[in-house]
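Just below is one structure, and these are the notes that go with it.
So that you can tell them apart, the chains are marked A, B, C and D in the order they are listed, and the count of residues begins at 1 in each.
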């Protein structure tokens, strides 16, 4: 018995659809690597293709077959890396839909990184969020790669206010301005601090490579201090001192990220699109504070050189 | 004692920030209405402003004051409606940041609508999601308004396959093709169906008004059947019959939405941006299926007239 | 045509079910009040009833009708309060299922409270989470009522370590121990702080009343400082000073909550069940820290009196 | 410099705490296996210990060290399985807190299973949720293990109503009751169906083993039909036919789960606690329907033998 192909019918309303596909697809991803253990992740994917006005439906199972074909290939070939996975799948989807002109694939995943506590050197792990998004047409394939990492931030404004108040309090004690300044230099000044979440993504043509681990490092370096899974007492003291020595607004964190991206990614083209965002889970408010830059790398290069 | 204004300092890295603000702010919103009871909602807001390169920080508390000013006004003046709230706040934020050129406000909320079951007419409620997003500059204020509504969809493809299988099975019984067709006409043919979630948003200059309740109706009409809080047995039969009489792919639902938007919103300008999306929580897969149109109204009008 | 009642059939497998019902039901709740404006909330409900082994299915629409009956009554009668709503619905559900012996209703909601900044007295709001859970049998109705509130906590351990380090650093400066102690008394000592979330619930027979607003106050008082929607600079200084003067572990916060509950709820019976929990969104870790007490009030009274 | 140990102080309020610990800890878990590839997962853990009234704080970093010790051991020893991981960690935590008497560890994770489409045999995957919870005291260690799996369910009530309506419609056509019954036997009768989520957990003393994969199979078998990642047209027809041949209420699904658990786990003791729950993401309502059994195995055995 031949089963009917309803998707190939002409629809009543002939409007082009921007995208048709599947979302929330969880996949066990295993990627071979040249000399290391394979990377193994459970990732969530959205995969879609445009649909021309003359066709009632898209063949959604082809998207899933495209994904599985790429994943099977990735087990054997160390060439497919987590950074290029979405682009590979998007190209495969485009190939399999003769009526489609533009394929979209996005991914969210968690990724474990080995770490060491800053003083005790105790080994621990950090699980960060990574994401990617590829768009494939016959002409070009763009690939966005990003990471989201937690850290801590201390507020420069409240710290300045506290310093002012300490100065006032100490001046009652017959100390000179120099003595007070010297004292304040030796003391980490109190201020509110909080958990912060930094995100950087960069969108480039697929022939350029953006290493996720470099994005993770830039995000960590931009907050007041890194944070850790395990902190013994001496580590905790170190983190607090570092954080209170480096107060940062959300604005400062984003600008630091942008500055490092401009310095480190000199091999990327001007049209690369950079998105850097910092969200502070404010400890003195119920809501969050955030700052964000979304700009092409060429413009950021120019701003930085001014 | 004068407290320092650290935000006004010059930053070390002088890069423009696209937006700086607060997110996840929950507010109790009360809107006066000409003749009806006031609308009362708890909504979640993001509010932000661009920050020029020469300024270290934005004054975030001004965003919150802007919000509260508008909300106080809204209690007295029936002119502020849920559809225009974000635009009002965005303008107020722009006014309060002398260094800012572009203010952004977005909102997510829940909204209750009175309903009646289709046969028993039993009264019930439906809580839908609504959202809005405004961008204000000195030159113009754009306002996006949207709604997200659940319904049910039945699959046309599986229904055709089932019809084919029934035809084959009945043909063994010495029935003519006409008799079989007549039988099939009297029977709702089985197929998988599922909970679907439809979303429409329209972005327009603030002087145009997009009534949320009309978006809700269009979404409901585009799926195989509406769904209800309370269904007595006779209502349940009605919903099932209607759903199985109107099989729809995600693609069909989106095209129906677009078609209704083009018909109903003839007063909107060509540059209005329409985003229509349908997500089916597939009952035969763990993942979802979706279709989406994002296009300006002018282009959709042209496609529909072809 | 008479429609079949499949639920009333005998099932193949005759096992008692602990509960059968609906979950994730969103309702617009409006409660009349003696002299004030009505309270209006959108709440999410679960409602269920036990099912004896001899019955195939429960009549789920009766749960929804029970809810609507109570909500209609609540619009007119100021007697139904948010604290007693679940108990009222549970009793109504029990009444409507002749085969059921135990009805369960739970609710989650958001609730807005008016607030004032601590120094500037600027008016703002706070949206807190409230929840309730009632179980009704013929013999008794129990009612659990709770609230979840955000605040800030400063770490006593890191603060002691920082004080030790400051002492060491100042001792190089030829200051006496007394002079150093006097200095440290005048300075808020730096330590990591973070957003904390406190929760208290109390389960009592329905004839006892547990006012949600009192739970909210106890939670606020137990953390290092309250937090606010809007803080002008002078308010921010006040919050930071208060927080750094009152360092608290998650353990301290829970013990303070328990202590206040024992003091304030002397009218409740010994068998009242108290659950107090504090979660700190650690600013120096990716994970959270938490402490929890779950105990009957009688035992807590005895521990407190030791 | 010796750093102070504030946690060891005596607190102001001397109340026992039920548990103190860390939550939301994400860990990369790698488990060796006798003959297969290791299992690799990213899991989320909560880990806590009771705290006696005389101690101000618990040493939280010891929980993390306990976890890491067990995970390192699990890389080398195929004996540690995903089912016993929480129990191993709970025992290690108890060992490391000389002041603690009861340790708690819980885990949530995703787990990928290889699958085949029912007709085409096309290979695909399924990612399911698994969870575990262990409580360790000196006397005993209890271990709860569970799985959560999606499937599809068709409604028996609406199907009976539809059959009745078809009977009425066909009776106008001069067909005998026998002819109508024969026709209805050959036709899958339409009814609403939906995505369902089944969960089973079993809590036992740690010396008993509950294989997660057996729980997954029982859940799958209890719904109207399994669901799949990839379905070609012939597979889709098969799933729809199977689902419409096996209509099930949430109540039926739970009873089927319980029945299979009683049959398959004859080696478990009567005091094993079984929790079986089915949630249907209703396609004709915005809310969900659910049924649940929570009972000890001994009681279920007795009910089943009646």
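Please note the rule applied: a contact is a pair of C-beta atoms (placed from the backbone, for glycine too) under 8 Å apart; a residue touches a chain by one contact, two chains touch by 3 or more.
Model, not experiment: these values are computed from the prediction.
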#### Entry: Chains contacting each of subunit A and subunit D, listed by label
B, C
### Summary
For the copies subunit B and subunit C, the interface residues, called same if over half of the numbers are used by both and different if under half, are same
#### Entry: Separation of subunit A from subunit B, taking each centre as the mean of its C-alpha atoms, in whole Å
27
### Whole-Å separation of chain centres (CA-atom averages), subunit A against subunit C
34
## Note on the structure
Note: subunit C residues in touch with at least two other chains are 3, 25-26, 127, 157, 161, 165, 229, 231, 233, 237, 285-287
#### Entry: Contacting residues of subunit B [partner subunit A, same complex]
1, 3-4, 6-7, 11-26, 46, 48, 51, 53, 56-58, 60, 156-157, 160-161, 164-165, 168, 249-252, 254-256, 258-259, 279, 285-295, 300, 303-304, 306
### Query
For subunit A, which residues count as touching subunit D in their complex?
3, 5, 25-28, 40-42, 61, 64-65, 68, 110, 112, 122-125, 127, 229-234, 237
### Summary
Note: in the complex, subunit D contacts subunit B through residues 126-127, 150, 152, 157-158, 161-162, 165-166, 169-170, 173, 182-183, 186-195, 225, 227-229, 231, 233, 236-237, 239-241, 243-244, 281-287
